[in-house]
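Shared chain: subunit A. Partners: subunit B in the first complex, subunit C in the second.
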Partner chain A sequence: MTVMRDQVVRQLVQVEAKANDNGLIPAFNVLVNQLPCTFWNTVAERMMAITPPDRKTAMETALVNCAYECGYHTGYGIITSPEFESAVMPMVTEGAKDVLRGAYAVFTAWGWAKSGIVQIKEGESMTIRAVDYYEADSGGEGRRAYMIRGVSAAFMELAYAAPYPNGMNTFKSDQVRGIEAGDQFGEFAVSKK
Partner chain B sequence: MALDIKHTFDENTFRHSINGHGFVLHCHHYMSLTTKLAEDFADLGAVRVLAEVAEDTIRPVIESYVKEHGITAPADRLQVGCEYFAFMGLGTMTASGSAAGGEAKLPHSHVDEGWVQKWGKHDKPINHFTRGFVAAMFAVAFDKPARSFEAAETASIVMGAPQSVLSVKAV
Partner chain C sequence: MAALRDVLNDLVKVEGVTTAVVVGRDGFVLDGVSRSATLDTEAVGAVISTGIGSSEVVGRELGVGEMTQGLLEYKGGLIVMGLVGRDGIVALVADIGANLGNVRYQLKKRIPDIEKVL
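Let's turn to the complex of A and B:
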């Protein structure tokens, strides 16, 4: 048995994010927010639009980094949570590889992207494919799934870099296909820096 | 007033919707870093962009709700905004005012408390997101177009104040 993404998604989607009396959602060692997808997409679109050509790379890197740090810290909170323990860990038979598969099931359940691992060389590289993701709806030019890029590098580090919180800046992620750029699906290549 | 929330999950795309609007979960690291990004690119107008994006993308959520539920009184519409603020995990807010402006108070704020958790206190207000959120609330409350209100932070949790306060004025 290995991690069955859709089965995990259907279990985890029942876990609703509910604010406490202070209007905050503390969960997975972070404060969670739930916002319209259009907010995140429009932030990226307009930030890129105001950026002159000689600073586009810096802006793109900053947009990816926002999700990368989020993915690293929240991802750790997720894979060490009671919800992950009950929904995913019983299916884990292949160590870190299966924990990663489980993390992408959560990634999918939270509405980030209907995605999964299509190829992995343990500790070295990974290819992620997403057949639907909210960033595909964003305006702008070129491949622009900054969030999936950032979170994918973070998840790889949680699985194969130095133990949390010392594993950052070990992997990088590049987007090689994008629905928003006319491809049938999004594809992301994660490799060592 | 408790919000009437209809949460749907698309079994095909695996996307979530709240009252017909696509929603997604993220964390305070994402929000804090997005705020920091705006500060880092302030010379390009990124702080203004962040507030405007919040105004433009929160407005449809509040506006469709008050229209669908027949809520017309400005105070009630402001209250819907405050309820959504808490529902989204953004903190607690009270707001009052008129077509000329008003005030919003935040005893708890995801943006501020997330920033403090990540980096500690700061020497200036950073709640650009909520300035846009509040501008959207007031525009819906008084049936005004976008950019009809401006909100400025006059007290800030991230600077050590017990609550954040946003002063709103019609422009």
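Let's turn to the complex of A and C:
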């Protein structure tokens, strides 16, 4: 037995996404919001568009880092939440690897990216594939799935680096394929820095 | 090096094979090709990953070692499954009249190719 993503997705899509008085949705130990994908894509597109050519790499790194920081803290909230405890943890038999599988099932259920683990060398490296993700619809040039890229490194930190909140900056993530760049799917290689 | 899709396309060219899918242990479909109008590769992925876990438990409990290949025969067709490394499963869905020996052989022959491209 391992984490069965289909079961996790089916359970999690039933979680009520109802905003509180501040417009935020309390779920999975964290506060989330519901905004159109085009909003997030437009933010990244405009940031990249106004950046001079010689600073584009730095801007790309900054965008990935935003996702990384968010993924690390939000990811911790998710994997320690009562919802995760109830939907995923009963199926966890392979430790951190299964927690990661569960995390990508949540990622999928929430509509961020239909994604999962292709290969993993525990504590060393991981390959993630995404067959559908909102950044695939973004405008711009080259591979630009900053969100999945950053969050994938963050998830690896949570699984294998020092315990939260001291586990940052152990892993990095590179995008090796992208639907937005004409590939059949997006692929992300997470490895040690 | 051939892409995963190329290997799967080759597998569905084997006589009688209608669907070839590679899934992760958690049921995440890495890629799939189907000649069947009614089979959804996503659905195949989800059920295969659940089923193979049970088969592995049977092997362990009966002391016959690790699973290398699995075969299920139904009234309307065959399902042949193989393990790809520690984290992947390849499953073929075939017509009931397919040459089982050939389907098993083709799957076994192609697993190293799938391992290389994952």
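Throughout what follows, the second predicted complex is superposed on the first by the 185 of 193 C-alpha atoms of A that agree within 3 Å, B and C clash if a C-alpha of one lies under 4 Å from a C-alpha of the other, contacts with A are read in each partner's own complex, and residues count from 1 in each chain.
We adopt the following convention: contacts are C-beta pairs under 8 Å (C-beta built on N, C-alpha and C of every residue); 3 or more make two chains touch, one makes a residue touch a chain.
Predicted, not measured: the structure shown is a model, and the values here were computed from it.
In the superposed model, A:N166 makes contact with neither subunit B nor subunit C.
When the two complexes are overlaid on their common chain A, residue A:M4 makes contact with subunit C while staying clear of subunit B.
Counting the residues of subunit A touched by each of subunit B and subunit C gives the higher count for B.
Of the two partner chains, subunit B is the only one that A:G111 touches; subunit C does not reach it.
Under the contact criterion defined above, no residue of subunit A touches both subunit B in one complex and subunit C in the other. On the side of subunit C, the complex with subunit A involves touching residues 5, 24-30, 45-46, 49-50, 53, 85, 87-88, 118.
The part of subunit A that touches subunit C in the complex is made up of residues 1-6, 98, 101, 104-105, 115-120, 127, 129, 131, 184.
Across the complex, subunit B meets subunit A through its residues 7, 9, 13-16, 18, 21-31, 33-34, 37-38, 40-41, 44-46, 49-50, 52-54, 56-58, 60-61, 85-93, 107-108, 110, 113-114, 117.
Residues 9, 13, 16-17, 19, 21-25, 28, 30-40, 42-43, 46-47, 50-52, 55, 59, 62-63, 65-67, 69-70, 73-74, 108-112, 114, 132, 134, 137 of subunit A touch subunit B in their complex.
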